[in-house]
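Quick one: the structure is below, and I'll ask about it shortly.
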């Protein structure tokens, strides 16, 4: 199920994170637009705000705002005198009121004693609060609630003009899963946390210019070639001349498994594994966990469609579009009242009676968090006549909150923390329910268990 | 392939038509919003403009504008004093500059000697030009290029206060495929052309209030129950008391087959047939027409995905997401220049190298018109390493233009008019190409050949 | 007092009319912008909407919208492909809900059997209702409530391609005060009503291109030279070659005296008389009508400042800024509630205590209609300590409604219809009140009594 | 001449400063709107941006943006949940690109170790650069170029929760002319620089709630009573309970004389002197400096009208509207090209031929800076036929730049630094020219010479 649908249905899900981009776009025929196209490709990682910073002859300029890339940049005149070559971009997702504050839009442009920097950030520092307190007690002021501002404060207090040197000292102090793109006057720096919890990749344009992006689909979109992933604990500096790699911490490995399950676009690759194919594999293995007799399988669009088609192929069940999603997203579209919703108004997801009626349905979703969304899905299908509803979840039960950048609610609110699989099945009103086991998700992803962050399923936090 | 993608890729396709809605929303807790939700469900039929007319105590009011439903109605204050119960709504697709003219937005509100009417229209009158000339020669003036204005002129010249009587005389003079929703002070009239070329259905809300919509998915969205299709040559009048059916012409039958192939949403039903299931059947039958040895099948999102999954199931091929579509539509987003596009910028559709590379691919699309889109698709797949590209089209060759509401170019521009299947295959650079035969499309749709308009494939026009 | 202030204070005044412009802008370096500058100069005649039509190679195009010229045309991209030479423009004032209806914005573009025309209109047809009924009974439909649409219907029904010939037949049927600018493919036609009630002037640009405008200040703004007034009952056709004058009715003379008193900009000239100088003369003569002992004279900004300075000079009283107006007009600025207003919130006009306190004040206003505005003005001055408030009105008592284009309320609402000068004085709470006599206003204007429309003061209507 | 006109004509003038407002609006029926009305009254002090901060139950919220108050707050929904009682507001003028940067809009909201503060600022710190360097060298980062951010940094570094105590230590370090309004959780603090160079006044609403504003016209607008001026070197803390005065430096006295000459609204009072009356006095005295034989006197609207009427009264010359200003300000209205301007396009100021032609004109302006504006004015008047043009300036020659908040160019650019009165007269093409002497301006203002900052005329800087 995609993020927007989740929010719409019940705000009952794992929330998302941001998308970042940066690099050298010197001499590109469309200049900064190439950066906008990259952000457009990363839009699924955040729809609350978008922005781009560009370093040119007159220092760094930023254009950013609340809304989709296509909305923020629909008035393109400001880009006329927005010339330059090094860029950093950002699309933001954020939970609750924070996301609506214009000052939290990124990249964040700051001036300190050695010049200007613009910072884009994805992830969450678990020692954010502690670092802020420390800085505040030393007299720092904060205008935003972003980790980008925090990083800039630390850089400024390092007291050296060498940005790389500063970062080498600062980054080990940051705890959590994070990726940064920092634009300075003459370089773009990409940073990935020591455990590689948040993704960041390196690509190359035709003319040997390097770019960075949260996901590889951004490279495909702008015609860049994937070079490699930024290593955990690695900084990479892109200049007009080339790149330079600076490891700043021993490389651990704890890539967030939810990137595979739900966040990333199916055409992106992570650790050399295509996301669609991994999800299909999740579905295939899931189909073995608890065999079921059914008429067809369907997936919650869009994130569970790959898994559902894998499930179908392995189980020998046809894949049908049992739920249709309305794609004409509008941030400000008025939502139906609870009263109207009871009358059957279904704005985003429509279960198809002609397909479902009288049928035994297997429905695949990627996760259950609080359970309220799944209750509605099961009810929707029964309302249009499903004779049986079998729920299959392409991930294990979520039993622990996430501190690294995903908005998973407190443990109290997690249904799987309180209830067994069987109890959840009854709670959501399904005829059967099966999660994927942790072992099998690791198997499907194709990485070693110790290379993934599985904390939300196991409670074992990598930090 | 969806309409927007088509436009983006090359403006080389069958164009679309509009979506209309109307009915009695008396005493609904969300009043006019229910009408907006219906339009939102019909948004795939037109993204150029949206509007709604409502009849209340102070006559008929209209709010409309260029853009998506969510854009036009994002400022909701005007709806505060926008109270009433009978409504007519419209979403508009139109080709070229016409669609950008604000005066062409609908519903069109007009005053004549017997009061006000608001008109929403879907389709195309083939004798439009002739009727305009006739009216102009009698001294009529035109402020728009819509058929809605034409109809209103004819109504005004009938010279009787009985709207139904006027329409009974006028409608037989209209040639072409059309559906109208007309809002008057005390009724909403739905009209379908004598051959039923354009769809229009009747639904019922919980409290026995009747509504009309181009597609049944609008009923699902607002919690209405499907009652029946409006018959060809039938007018239906919805009042605050109930409905009244008025046949105005003998019912022929020539439903546009492209509604099944491409226009309608997969969760809509036409003539009792679910669109997704019909498309799946198209894919299944297509797989028999020319067997192929391949690694997987993929469809051009979104319209060809059902057919592709049917093809896969029947052919025993896995379905893979070989092409990913960016869903963050923005009307005004700046497009890549031809120069950048050559560098590999792919904004809307991304072929997935990890899935495609080294593979024999079957790609399903719903139609070929000029052929230029298909050339690009084949090239895209080869560029990411497809070893073989087999194109399968879930409809017959398009050899004749459409005069009833679909923007098919002149015969000269239709590639299938000039080239045989084999020649087209070479032209698009595919390893093999197969269209669905006309007989088989009729079979898959499950209606009689004489009940469908197949003119674009056969040149036999129903009028 | 200016129109906006009036509206703000109590909607208790004579309302305004529109401004029109047109002409040949061929080969002008800024093309259509020259037309926008002219509209900007006429903005005081209407702030509800603005629009311009231009005739170029691809027919006539219109850009228009609700708001000020600077708002409607702030997005200038559409003008890029908005090339042409002949133009017609419009700024609109209108009373009540009509003014907020987008379809009523002008110029109105219409197609009829012999081509396209765009129409701009200022004034009011007193037989509007009758002509509409006649046209409706012949089957005409109306999309707006403008007289421009009415004229276009009449033109279309004339049935001849010769626009001038049509107009010669039609114009004598129109009753009321009006001025039109009509843009056709190859000419711009200016029309003034047979009594010359509404103003329209002819100007000439440096390169001998002719232009038309409601007021001469538009000529000054665009660097055009004033040529002459359009004669009452005259049509003038401007082509790319030159001009042609076509009288269509005997020239009467009944110029609206309120143009001098209140509507026109002080730098405009009417019948060769500068508006500021006429107003100053009004003030001078007014000072003789009832001598008064006072400390200073002040005028209600902006329209009464000229009269007040004339009064001061003739009476030997200093002119002081007793009332200051806030000039930062915003159409949508939220107005104070009645409750807050009682607490003393004064958004538009501020009486200056330091100037007024303890002083005997003469305040000049241009007219009293319902009287409610004047009550407030007197109270405002007393609240800041005026020891005496003497009201002087630079026009006679308004006792009859206007049917020619000015929104004067019904006779019942006119305070001077019910009350003598003395009674009005008591009602508004002034220490003394004096109107200008009708004889003296004629004297100050410097035209013959029979050449002016004085109907609102005398009840003698010229038609 | 008003600021906008100046900018339009040639960007050749003294620039302006900002307007600030703050106070306790508890229990006011229109709550925060009262603050908006106050800003609307101060709009003449800055049209680049507007903003308001409000302290309520959930901390401090800010709404601000580029544009006029009426533009920034036209979408009022955000104010729905914008409840609170203590407020700080700001309207901003700023020169060049700084003013267009959204991050420079104020009030600036910041979080530091002891909570949140929002800061509004008017003026200029002459040791800004030095203080920034010092802070940067200690590791501070800057996101704006405002002095508000600078002050916040200093507060944060003081390291005490007592905001008043912090300010007592910090303020003596600030050099220049300034006024601040600082909003904290439970108080609003008003600050005026030790020399009182920038104005700030205290007012009281009906219910004994205190408010602060740059000019007293804001009090009139919201129905507040003027209490007193904030003393130079005084801080005043407004809480929900009342006020508390805290002197932080010995009170000097060097009020910027340009507030009287040009900045302030004529209905404001400064040091108990009404601005209009002071300006009128300037004109009266000016008329004695160099007697002239002329037909009439006129002033450059709006700022020189008071002086011109004073001149006229004292010299026995009639006051005429020789120049008319178009008041329909649009920030984004496209300006005429130089080419068109040569053709006579005059968008903002129109000289009135009927008034000027053949006449000896005295024109009053408030100052000459570079001289280029005055050249144009003289030429404008001659172009419409003035037989003589006598220029009178209601201030002395500007010979020194301003460092305290007014954008006067470098000394090199000041025409009076290079040229004598006679030379300037020749340069601008006038028949005669006279400035007001410094002694006489002091006399007209009615304060002691040592109580005014006259540095731009004398070069004697008070700091």
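For clarity, chains are labelled A, B, C and D in written order, and residue numbers in each chain start from 1.
The working rule: a contact is a pair of C-beta atoms (placed from the backbone, for glycine too) under 8 Å apart; a residue touches a chain by one contact, two chains touch by 3 or more.
The shown structure was predicted, so the numbers you read here are calculated from the model rather than taken from an experiment.
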For chain C and chain D, chains touching each: none
Of all other chains, the one whose Cα centre sits farthest from chain C: A
Between chain A and chain C, centroid-to-centroid distance (C-alpha), Å: 59
Whole-Å gap separating chain A and chain D, where each centre is the average of the chain's CA atoms: 48
Centre-of-Cα separation between chain B and chain A, whole angstrom: 34
Overlap residues in chain D, where contacts from two or more other chains coincide: none
Chain contact topology (line, ring, star, complete or other): ring
Inter-chain touch pairs (all): A-B, A-D, B-C, C-D
Complex interface listing, chain A residues touching chain D: 102-103, 108-113, 133, 136-143, 149, 152-153, 155-159
Residue numbers on chain B that touch chain A, as the complex places them: 28-30, 33-34, 36-37, 40-41, 43-44, 47, 68-71, 73-74, 76, 205-206, 217, 220-224, 265-267, 269, 274, 276-277, 280, 302, 305-306, 309, 313, 318-321, 324, 326-334, 336-337, 339-340, 343-347, 350-355
